[in-house]
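Right, I'll just put the structure down here and ask away after.
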Amino acid sequence: MKQGLATVLRNEPLKERVYRMEVKVEDSLSLVQPGQFYYIHVNDSTAPLLRRPISIHDVDLNNQQLTFIYRVEGEGTKRLCQKKPGDLIDLLGPLGNGFSDPKLQDKRKVVLIGGGIGIPPLYYLGKHLIEKEFQVTSLLGFQSKQESFLIDEFLSLGETRIATIDGSLGIKGTVLDLIHDQLDDWQVFYSCGPKGMLRAIQQKYFFDQSIEGYLSLEERMGCGIGACYGCVVKVDSNYDPKGYKKVCSDGPVFPFREVIL
Amino acid sequence: MKNRLEVKLGDLVLKNPIMPASGCFGYGREYAKLYDLRLLGAIVVKATTLEERLGNPTPRIAETPSGMLNSIGLQNPGVEAVIKEELPWLSQFQTPIIVNIAGTLVEDYVAVAEKISAVPEVAMIELNISCPNVKCGGITFGTDPKVAYELTKAVKEVSKVPVYVKLSPNVTDIVSMATAVEEAGADGLSMINTLIGMRFDLKTRKPVLANQVGGLSGPAIKPIALRMIYEVYKNVSIPIIGMGGITSAEDVIEFFLAGASAVAVGTANFIDPYVMPKIIQDLERVLDEMGVGQISELTGEGWNYQ
Amino acid sequence: MKNRLEVKLGDLVLKNPIMPASGCFGYGREYAKLYDLRLLGAIVVKATTLEERLGNPTPRIAETPSGMLNSIGLQNPGVEAVIKEELPWLSQFQTPIIVNIAGTLVEDYVAVAEKISAVPEVAMIELNISCPNVKCGGITFGTDPKVAYELTKAVKEVSKVPVYVKLSPNVTDIVSMATAVEEAGADGLSMINTLIGMRFDLKTRKPVLANQVGGLSGPAIKPIALRMIYEVYKNVSIPIIGMGGITSAEDVIEFFLAGASAVAVGTANFIDPYVMPKIIQDLERVLDEMGVGQISELTGEGWNYQ
Amino acid sequence: MKQGLATVLRNEPLKERVYRMEVKVEDSLSLVQPGQFYYIHVNDSTAPLLRRPISIHDVDLNNQQLTFIYRVEGEGTKRLCQKKPGDLIDLLGPLGNGFSDPKLQDKRKVVLIGGGIGIPPLYYLGKHLIEKEFQVTSLLGFQSKQESFLIDEFLSLGETRIATIDGSLGIKGTVLDLIHDQLDDWQVFYSCGPKGMLRAIQQKYFFDQSIEGYLSLEERMGCGIGACYGCVVKVDSNYDPKGYKKVCSDGPVFPFREVIL
């Protein structure tokens, strides 16, 4: 974890409201694991006041470049999308615990399950897993073809299945509809997306004792580093007697059985 | 040369007037990874209660213009765990430790005060009579002078260290609260705690916070904090630790002018985790610009306006 | 098709819920140069007192994070001049006129209310029991339920038009203030007035405002306003005009969710003089996005959070 | 009075902390009189909240360009100085009542008396008076040579005398020390600068029945257009029984005998 300034290299829309931003950082800011995030100061005013958490989408270690993909939601991301090449932005990070490698090294079949703006962080994870010679399948869900993005990137990692709510690309339905129960023998899954989706995935696999799985969560944050107890998630008391863990510092990624969504 | 930033809170000498506001710094472990906590004037830890508390459901945080709302709900591991696991670690920084204590009943407060003030590392108790988040008597302690008086008196009787009472701004008459706890023997005041506020989410049409309402902190409340300190300063003779929206050395000076003898920085830590060391460094420059020798000379100077 | 923005305040029908907050719009003359005041749901004028008031010395304005302080001190030409010089001119806009009235003694209020409510152009009185700027009984009216009750009752007795009481947020218990004035016969509530705050100037080491303290308004106070309206809504059955930091159509919806039946826009006029027509235009889009037919359906919806 | 967007053409330091900004506006925004001001929105956030009043320094009517000169004081002017060519800024104006022409057309000898950052608005006034064939003398006061600016511009208008507090340029002293009582037979004066200076000038000329004079005042503003009563100045009851006038709409320029400073 470090605080420092990054220089914006590019900041352009991928799709309506979805931006890709590349920044150049100092050395230590780029030592990031898949699933970690940066806490970004979007302006030099007190309104909006708080930083905004954005996950790492890709890293170019040689050139010390970080890529973020974010959707414009409100005040903070609106300001972010106005940054121009050459502008400086203040980053705090990398923060949190990212996606762990599969615990057992003989589990080689991995599936990435992403919904909407939850998809970008899975890309750097996928790249990382491919490097370590895991076999990666990606399941991606969007609202529509119009709102889809990053498909080529995921195709470059391996098999990629797409679902859209309106059926305009891939199958019609959600990410869960991309799972063929009979055929898919994934040993590990990693998922990021809206809470409802994560909950459905958790339920789907909860009683499958052989699967290992990780969920990347979002919660409203204050400090971003574990000091304020603002971003807690309820955890199953079998896993932690304290009842709550912090998304910012204990997560954002949790073993899927631990958290109560 | 004398340390220009040195201030006194009663007999307690602080090397500088900057400390974290309770609840905004955990037990210091996270910020200790970023800088040496010895730099701080004092270390103030989260509210400690008798038993462990799990706090409120989430969302616990919402943003507002130049401010934020929190409804953490006093999540903490309870006084025994704080004494065993946190204070010994914190004592390595050889910086005065102030423990914020909270409770539901007078007996709870008394029990926590008794235990925690017996720990040699603890320099001072900050009595949180004002946390608006817990659905309990908490809010009454902080809004009724008589109840605050009784609580302060009971805690003073058992405490082996000075007791500062942290006042709630959600009152009609802050001066009567301040004078009541002074009369009860409070060694000083901390002010202000958060104002009660809320936000709504247009999509869900519900309050953003699971707890519906939360405590408003940050720069938005600074003018209210300054006004309350200013009013209280003229009416008490015990020192005031000022807080509420401080983000810069200039803000610190404003709090001194209003009547503070030291200050706490809360929400600003979330925006810039290095804000406290930066303020400490900046203060000397600002004192130079103002032509002031000791920062302590400024306490209450804002009253000399005629 | 029905006008989706139409709201009712008792028997008074407004074509939309947007009106200026008292004191932030003068008597409308300046803004009338910029747009047609017929666009507004109602027009609320500056506090009117029995005699002319010159107000406080300057500086009267200071800026704070997402807010501002004012200590205008009720400068106004007195009720006779308002009736002769301002109301006839304002009546050309055929838009309900609400007159904010203030005073030092109950008799003053009663005299102003009697005179002003007899003017056919006046649709409603807004009883300002909360202005913190005048060093007078004003502050007490607004912070003691019993005194507020008496004042409201006295004004109700003479007023020929509905009386809305404008509540001060500088109180421990806003609900008891609201229920007291409701019991006294208030036809509705306006909330909130400004919070008391202050700033210091580092160069002079004095308060920035000549009056030392002033009223805090603007986006900074929005979460406090929402919380108070939310609490009061559940405890009264008279309509609430909401205000405090509104700058956008989305803000307006938050106030409706909290419990407002109409809203006033104050400080935001100073930043964007066209803000009210813009909000009125935006509201339909926001209602569409939310899938809401009539804006009035949203009043108090924020309570349905379970 | 109009509200509209202006495009920044240049925004560069003249001296340390003193900036000159040129903007391009729509037609009606440029119809400004000397001594009027614009109320400038310095950012798209609520902090800082209020607009900032800045006087007109020069106007190029043909090209619809306005020039402002401002000193960086606090949050608002800091943001202003960060604007780059091409940025848009939101102006409300022109506002207020500027410098009136001398009442009697036979009064031809005019003196402009400016101190520090009060000097820029006198320039457009000077240009305007020269066009109308008045004879203009300028008295300018600065802290030091280092902090002086616009001297060539004023020299182009006519006789220009300089005073600096430290004596590093012109005579050592204040603007008042530039007045040679015996020789100067000015019939009209216009002044802008710090309150203390204006007060001294007011006193100096108060009992000189033949002189006509105008002071441009500053006061903290809310609305900027006359609605909030925030920016009042006390006026002599002989001139106005109401006791107060508004700097933003009745001023910022007042006949010097009217106001109580």
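Going by the order they are written in, the chains are A, B, C and D; count residues from 1 in each one.
We adopt the following convention: contacts are C-beta pairs under 8 Å (C-beta built on N, C-alpha and C of every residue); 3 or more make two chains touch, one makes a residue touch a chain.
In this text the structure is predicted, and so the values were computed from the model without any measurement.
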item: Any chain that touches subunit D and subunit C; value: A, B
item: Gap in Å, rounded to a whole number, between the CA centres of subunit D and subunit B; value: 46
item: CA centroid of subunit B to CA centroid of subunit C, Å; value: 34
item: Whole-Å separation of chain centres (CA-atom averages), subunit A against subunit B; value: 36
item: Touching two or more other chains - residue numbers and ranges from subunit D; value: 46-48
item: Set of subunit B residues in contact with two or more other chains; value: 64-67, 218-220
item: Touch-based graph of the chains, sorted into line, ring, star, complete or other; value: complete
item: Subunit D partner contacts - residues on subunit C that touch it in the complex; value: 23-26, 29-31, 33-34, 46, 54-55, 57-68, 70, 72, 75, 77, 218-220, 247, 267, 269-274
item: Subunit A partner contacts - residues on subunit C that touch it in the complex; value: 65-66, 219
item: Interface residues, subunit A side, partner subunit B - complex; value: 1, 3, 41, 46-51, 92, 219-234, 242-244, 249
item: Of subunit A, residues touching subunit D in the complex; value: 43, 45-48
item: List of subunit A residues in touch with subunit C within their complex; value: 46-47
